[in-house]
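Naming follows writing order (A, B and C), and every chain is counted from residue 1.
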Amino acid sequence: MTAPADRRVHLTHAHAVDLLSRMTRIRRFEEACAEHYSAGRIRGFLHLYIGEEANAVGVCQALTEEDAIVATYREHGHALARGLPMGEVMAEMFGKAAGCSRGRGGSMHIFSVRHRFYGGNAIVAGGLPLAAGLALADRMQGRRRVTACFFGEGAAAEGEFHETMNLSALWKLPVLFVCENNLYAMGTALEISESNTDIAAHAAVFGMPAETVDGMDVVAVEAAARRAADAIRGGEGPRFLELRTYRFRAHSMFDPDLYREKAEVEAWKTHGPIVRFTEWATATGLIHAGDVETIEAEVAEEVAAAVAFADAAPFEPVEDLLKDVTTPREVAR
Amino acid sequence: MTPFTMPSLGADMDAGTLVEWTRRPGDPVRRGDVVAVVETQKGAIEIEVFHDGTLGRTLVAPGEKVPVGTVLAEILGPGEPMPAEASQSPAPAAAAEPGHAPEPPPAEAPPATRVEPAAAPPAPAAPTPAPSAAGRVVATPAARRRAGEAGIDLAAVPPGPGGVIGLAEVEAVAGRPPSAPAGGETPREARRGGPDLSGMRKAIAAALARSHREIPPYWGSRTIDVTDLYAWLERRNAERPVAERILFAAPLIRAVARALKESPGLNGHLAEDGFRPAEAVHLGIGTALRGGGLVAPALHDADRLDVAGVMAALSDLVPRARAGRLRSSEMTDATATLSSLGEDTSDSLMPLIYPPQVAIVGCGGPVRRPWVVDGEIVVRRVMTVTVGGDHRVSDGRLADRFLARLETVIKEPDAP
Amino acid sequence: MTTSRRITYREAVRQALREALASDERVFLMGEDVGAYGGAYACSLGLVDEFGTERVRNTPLAESGFTGAGIGAALGGMRPIVEIMTVNFALLALDQIVNTAATLRHMSGGQVSVPLVIRMATGAGRQLAAQHSHSLENWFAHVPGIRVVSPSTIPDARGMLKSALADPDPVIIMEHAMLYNEEGELEDAEDHAVDLDRAAVRRPGEQATIVTYSAGVKKALEAAGRLADEGISAEVIDLRSLRPLDDETVMASVRRTHRAVIVDEGWRTGSLAAEVATRIHEQAFYDLDAPVERVCTAEVPIPYPRHLEQAALPQPEGIVAAVKRTLRR
């Protein structure tokens, strides 16, 4: 067992640079994804996380290496925040055998068991029961670990959401439910899909402690996640966080964004997680002159290297088509 | 200069219509700036540039629908001069410029680049004859295949119940019992007077014509000293009443079967999907019938029987073959065939393979000949054995190995 | 020395559950009313007293939720056995079974396996009407990434669970509700695991092959007995594994008998019977001496009254008639 992560956020210069760097990595990575999608090198659906970086980065600060993550189809940010190598993630987007899921999954199915990153689940709310099960296994085997389960507010309308919330509260499972409420399930606004738009209030039905957090504030997210993870590790059962956030890009690449006003998007962008944290940390002296430029330069280099890696990587030979449908017997025992 | 192309925004987007340019040639642009609006099947989408620079010539005008990958405009790098002409008259000097020519999207090959299959795989040879032209023949697949093998014209087969020609109807014409007699493999009494020789002659003709047409054979021969085997037979038979005596054919069959067992490329069937080696050795025994017919019923598991066992099986099989009372499995199971003419016959023979088998062994008559033993010429009884193999399955080298093995095995009639 | 006892199919399932729970700490049973109630079909009766509520775990009525939790627990190192009351309720968990259990290995590029066993009751015959009686084995057998087995005998009812738990991938065991009261001999063998890959010839025969599974086996055997009285020799094959299908055993038989009748309690359209028939046509067409026959359930939701329910289901009379049609009798 590693020691539980510290509850409070220590805002040092190094930590501030780290947070900014992690958010910037996700932002620039995804911009590159959009570029390579437009050029046809990335295919399928591409759901960008731009605008929501503070959520993944903040929550992952509260997790140890032993904790698990279950995410959705908008999971590039979570994968990078969790520490998956950027090259492996980009290669996965390119469908290459060097991808973290050998190219079999693509943008929506990023898996890395060595990072305890269990997808990449692209059925809305489909990952919730999975997370409860991982937590159940931990509980039954006496391990004090947290399983963080990310999902959007659209999931709250699904039966599996309610089934899993009930099961987890009933069995006191160590799950951290993280609802990233970006206000739109694809193009359906929250107020036209939920009778009660206060998502955190849903948790109360199951007697599960919940907190609503400004998802554009990485420090607030980190602090709330640390509080919740501590409680879970203390055996208090599941916790629920609603992170109020916004995606700056359309739902996916092929989405004309007809369901929301341009002005609304622009207004949210003015207090986006990166610009807001940068301004605040600069004003308070937490980050210094030149830090941003250094981070941008490092990230640009990393993204370029990831693209080059993905570009150069080979595709899996078509002879392997039927591989990994079932487990080979020699591996099984 | 970097080309700015019609982006691919989804696998189901083939083309887009340029609605408007939101920037003008000469405007500075930065990565992420929206420079145009494109109408797609899903609605208007703003499209961004991925490079910093200056918007150069625009090559597509609003209202034009172009395929994904078409160059819409140029993005000029720092210091690159703006072309003098506007978009309506692209400069001919810019030889490397793609102009209006649409470029195929990189991920989706247009039909023109698709590789045509080099050649269609050859059509498989029709396994059965076509229905009679005179009228529609209703026959089951199994009946058609059987009729094809036996060279029987289905039009000449009287249909069974429901007007259908099944296996039973074909077998009746072929002069053989139906394949699935009631109560299992009990042979049914054939028609009086033995097999239908004219039908059989047709079947032989069909099978061997097919062999000659389709099978590229090779042959290998070896003359084997069988003097000691004759001596063994004489010793053995001297002790036994006439009814239990062993014929030369019995140890020969056993030896051939055992040598085949160790030559899998000679034992089995060539089917449409390739060669299927057989586990067991069911040796077809070429049997001449009175009146000129010829059958080669299978002696099942010949490699696993001892000499007495082979003799017993042979004593059962040959009279039934001559009476036309073979079991269907005996007609179809042979994995290779032995053709042995017996004493006082040709020195050797080169028989044709019975498809779908892939090998046949022919034995000339055992004859006394001057023979070299230990450097001296002596009189020995020798027999020339020829093996024919299907070159599509195996090569002559296998014949050598088989014959060498046969020469060893035939001298060990008592071996377990 | 092996001894044998006469027990019911239900007891064989219970014995298998008990042996699994006793021999491997990672195994636990989870489902609706598997605890004090003893399971809807009483398969787990008494087990909660032996193994406690953690390992014989009652769940809320939330098939998708607890099936998905079983998947997660399997990823987390456990060997869960999820019981779903009937196949009709399993439809509520189809998302987890099809979209998650069956896909995780593939879409993670082979990084994970899901060693999960799902047991469910299936089939008609108890007048449970149109929401508790269906045979939807083919729905699951359609999906790559999961294995579907169907025990028709007492030894298979016991042995298939052990083999399923040893399988690294998700295995669905479909237990026909009409079989739970069947009695038979069970040897007290130490290693009772069975080969999940192979179909079994339950009765050898020469003139026609009857291919079936689950409760169909008993009806096919009865039909084969009647046919024998009329001098017709029919072979009965129990598929046992519905995915993957054991083509080899089926084709070897059909190549010999030249005739095939498939008995399937599923509806005819898009059925397992359709799949088996197609494979016979693909692999043994030139051996056929008659069109392949199917005896399936009538295309109607299972009715409540007994006479209509029985009329909807495959019966020995229909199987006998189908075999005779293949013989043109």
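A few comments on the model shown:
Rule of thumb we're sticking to: contacts are C-beta pairs under 8 Å (C-beta built on N, C-alpha and C of every residue); 3 or more make two chains touch, one makes a residue touch a chain.
All values reported here derive from a predicted model rather than from experimental measurement.
Across the structure, the highest number of inter-chain C-beta contacts is found for A-C.
Chain-level centrality, scored on Cα centres against the all-protein Cα centre, points to C. Separating the CA-averaged centres of chain B and chain C is a span of 36 Å. Note: centroid distance chain A to chain C, computed from Cα atoms, is 40 Å. Mean C-alpha positions place chain A and chain B at a centre distance of 54 Å.
Residues 5, 7-13, 31-32, 40, 42-45, 47-48, 50, 68-69, 105-108 of chain B are the ones that touch chain A when the two sit in their complex.
On chain A, the positions that touch chain C within their shared complex are 70, 99-105, 109, 111-113, 118-121, 123, 126, 128-138, 140-141, 147, 159-160, 163-164, 166-167, 170, 323-327, 331-332. Those residues of chain B that touch chain C in the shared complex are 127-128, 140-145, 160-162, 164, 166-168, 179-180, 182-185. Residues 206-207, 231-233, 257-258, 285-290, 328-329 of chain C touch chain B in their complex. Interface of chain C with chain A (complex): residues 28, 54, 59-60, 62, 64-78, 80, 95-96, 99-100, 104-113, 144-145, 147, 167-169.
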